[in-house]
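Right after this note come the structures.
You will see chain A twice below: alongside chain B first, and alongside chain C after that.
Right after this comes the complex of A and B.
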């Protein structure tokens, strides 16, 4: 018995230390167990990305059997495409407003829920707050299309009841405000997500710290400001990165509520890509927009990761 | 003291109540309208008022039109098959990454995890063309490949972390008893990973249940589309019949809300799985 254990242990350590490049008893398992994942990832993620860049060099309607190689023409077109840059700018507005609105509100709600945990009401609040996360974007988009209806929608009725009828607008029809109307709904949908994320982080802080802070004379506000929020800064950072990347590739609600209109006023990179590739049958140019979106998201992702990591070491 | 604390909490609680209105009123409007007659809404009167003659007609119309259950079934089928495959493949891969040292281990793991940041829409055009070439275009099964592939990175990431934290003693014992790596995986790792798998199942099910873009692009025929697209169809079909549309929205949101109310903590944990760690 002892000798077998020793032998087994030696077997493990040998495999670990030398990391044998050749065949061993684990090889069949490694191959068999990784194969399905690798097949799916290569077929539906890796190859499509490469293919996207390849297609960006062609002019093709997606139907005809032949496609014309046009070199970098699609890319030069993209660089001078006003609609694409408008969409890119809109994406940036979504990024900035999502972070600026969602993070503080979600944090306040999380703090409120944490301070009132003992009350039965808090449980009820938490339940209702989370509902928006359970609905599909399509359902939310359609619901808010009716809520925003300027003639009989609840929003216009509420404004009228409050004597603010003059504030009523064509919420989704006015190019000047359509993007902001939809961003409000995006925030409505995602605030609960970040709220629960922050709540989990806050409740994870050991009680001793709060007690210690209280003994030192800190009030609740000071506890959150100087102790709790700095402690959960890692979670806050994760949330900012998630929101940033999510906003850059956003599609759903914009597509359901305005299809990027009116007149490209709420166009995003992803909706523009869809429009070019499918309704306009420009697979080549659509792929160019897709590839640009890919480069932008990956670039921003890398930069933020670098920046936040540097930030991390500094603190 | 208690009174003072309450008073100091007042602004926060007030904010909480305002948010309750903001989060709750759209749902209130949706449900209340679903019980109204078609012309009640048009007749003027407040949209926030209770229905004059509450009616189930809208729900009955939607449910008996025959197509709703078809969409529901499509969603149940594609989501459950996808989730089952995701759990199987990711647990197999995670076992290798967590337990078997080999030369490419960390390289492959990092490559798969890089999939977390990739914007899925980039793959939309090539996946559409691929689906057409595979002869899967316009069928429910067109969604299987993308659904599984896009959720593997996050699932493998979470599950590998989970498996790394499982103590090795049981595996070592099994090894001594002569169990090979496969047997160890099925008899020991898989049963011990149940809590992690449950979290992942919920996370993936919620994400896929509400997925929109791929279902929208890869399936054209209404009968083959999953539930989120059904709402899209109904919007055209009932156009100005707002109570009927609100009934569709209510019905489509119901399954997840019921599951959530009964298993709140589990659902929350599952939905946060993607963000925590």
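Right after this comes the complex of A and C.
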């Protein structure tokens, strides 16, 4: 009995040594728990991505039982496709403005909320600020379509009432303005999300640090500038990366409010992909746009992660 | 004698066998987009009656919304799992399905017992390719007409115009008085195409477009296409359209609101708009709503009785993946039998069946039907007639043309280039 157990133990040790580093007795359990997620990930994320790349090599209308292999023709077409690059440029504008507007405002609101000592007021403001985040994008899009109506919308009415009628614009009809009109709404929708993120990080800072800073003679501004914000820089980095990736693959509000128009003025890569794959019956080319979108988001995401690695903290 | 009785017995057995086979339960699924108003009921009642008459058949009716449907039917076909019965608007997209061998050729069903005579002749053309019929027209007859606000016309002493020049005079009068002549919500692009289609038709007749689209001689650089573009830009420059029209959304009523508010006088829209006027603003519908046909263009070759629109609206098709096409076709016939026709008329539609004019009671519907019957031709919407890829190009170009971002010549050339490339490839 004794000898067999010992032999078995030795057998296990030997087997363990031969296995991958980090492999231990929990590993099978871990795999078992992850398996459902992994299966769904492969089935609904990894496989469609591979499939899109494959489809990008074909000319296919999406319904025909046959499809023509055309090699890299779709990709050469993409490279000289004026609309795609216009959409890419628009995506960059969304990225820059989203980060430049959303991050500072969200941080400012978070600091304000953290400093509000009256708990009732703080809770009330938190709820109010968080409200846009709770609405569906489609509802927000339709709401702002009415707000932006150049004759009936509250915005134009308000401008008229203030005697600023000359500032009134065709908010969603003017190709030079439409993108910015929609970005404003995107910011309105997403600032609360980052605000809550920052607020959680700020309240996570031990109160002792603030007290210590006070004793050392730091005022509130200095506390945030030199202590609080550097401590939550990990959260800031996460927020920037999230906003960046979200902006690159953005779709909803643009689709609801302008469908990328007028004349592609607010076209984004994702709306262009949808237009090609479905209404135009060009599934092959639509897949090419989708694959390019995937490569761009992946590339930009990886580079940003690498460049901002030094801000990584446990917060 | 014995031989005969044997034969009879065999026949009886075969007959019984067939009867047994018939009684095996089967399921037919049907996707449609009559999702608003009493639309779902119109389809369901027909399915219920069919099931009552054929107890072994279960009909699964799936109502869907317009735009999600377009994506779902494509995905279902691409995945090889389409429903037994589905709808289309005929024209170019249907032709894609036909070429992809996704649609059953219904010619034999339709010609049996002269069933085609049940329909208005114009209704079958949008579902007929190379002489074969692929769909049954069911839902509605819709043509684009110019709706106008009678109160505004009365205030400025205006009369419905008969020619384009008369229309321009009206436009100028309205602009001088600070009223937008035309309301237009062009975010989805197809509403602006209606003005262009009518102008081309009035200038040169329907043959030019048909010939250019089917590559049988003409091209999209024909002077009629350029002239129509020039007339549209002239109208835009006169202040003919409401401010910001390219950003307004038809689906949320932004083209009708200015008309209700007496800020815009007219709009060119399909006759389904009557239903919207009626449900959104019954007072306006009763008292102030009028409509007139698109005016003639001086010196134009097109017959001013011609209309742009669709006779049939939705066509019902059987997919090649369907295992029971005979039952499916029978079910489709229930959708447009006398009882269904009566119900459709009751809900304000004009089903595309022969003799429908005598069944209509509403004066506005009668007037629309008179226009359809008097029309020398009914031009199907370009974006439905053309292959989907080109339909999208046309709509994009219309938005740019109305915005003044391209010249009429550029519009014509870019359309021609896209069409030439599509058919050359």
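Simple rule for what comes next: the second predicted complex is superposed on the first by the 270 of 315 C-alpha atoms of A that agree within 3 Å, B and C clash if a C-alpha of one lies under 4 Å from a C-alpha of the other, contacts with A are read in each partner's own complex, and residues count from 1 in each chain.
Here is the rule we use: a residue touches a chain if its C-beta (ideal position, glycine included) is under 8 Å from a C-beta of that chain, and two chains touch if they have at least 3 such contacts.
Just so it is clear, the structure is predicted and the values come from calculations on it, not from any experiment.
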Tell me which partner A:282 touches in the superposition: chain B (first), chain C (second), both or neither.
second
Answer with first, second, both or neither: which of chain B and chain C does A:175 touch in the superposed model?
second
Look at the residues of chain A and decide whether chain B or chain C touches more of them.
B
A:146 contacts which: chain B (first), chain C (second), both, neither?
both
Examine A:198 and indicate which partner it touches, taking first as chain B and second as chain C; both and neither are also allowed.
neither
Let me test your reading of the model: by the given contact rule, A:61 touches which partner, first (chain B), second (chain C), both or neither?
second
By the touch definition at the top of the document, which applies to A:224: first (chain B), second (chain C), both, or neither?
neither
Touching A:40, do we find chain B (first), chain C (second), both, or neither?
first
Between chain B (first) and chain C (second), which does A:51 come into contact with in this model arrangement: first, second, both, or neither?
first
Which residues of chain A are in contact with chain B in one complex and with chain C in the other?
62, 142, 146, 152, 278, 283
Interfacial residue positions of chain C with respect to chain A in the complex
70-71, 74-75, 77-78, 80, 93, 96-97, 99-102, 186-189, 242-249, 252, 254, 257-258, 261, 263, 387-389, 392, 396, 399-400, 403, 405
Interface residues, chain A side, partner chain B - complex:
1, 4-5, 8, 15-16, 19, 21, 25-26, 29-30, 32-34, 36-37, 40-41, 43-45, 47-49, 51-52, 55, 62, 105, 108-109, 111-113, 115-116, 125, 127-139, 142-144, 146-147, 152-154, 157-158, 161, 188, 192-193, 196-197, 200, 219-220, 238-239, 242, 245, 248-249, 251-252, 255-256, 270, 273-274, 277-278, 283, 286-287, 290-291, 293-294, 297-298, 301
Per the contact definition, I'd like the list of chain A residues that touch chain C in the complex.
61-65, 142, 145-146, 148-152, 170-175, 178, 258-259, 261-264, 275, 278-283
Which residues of chain B touch chain A in their complex?
8-9, 12-13, 15-16, 19-20, 22-27, 29-30, 41-42, 46-48, 85, 88-90, 92-93, 95-96, 100-103, 108, 112, 115, 117-130, 145-146, 148-150, 152-153, 156, 172, 175-176, 180-182, 185, 206, 209-210, 212-213, 217, 227-229, 231-232, 235, 242, 245-246, 249, 252-253, 256-257, 260-261, 264, 268, 271-272, 275-276
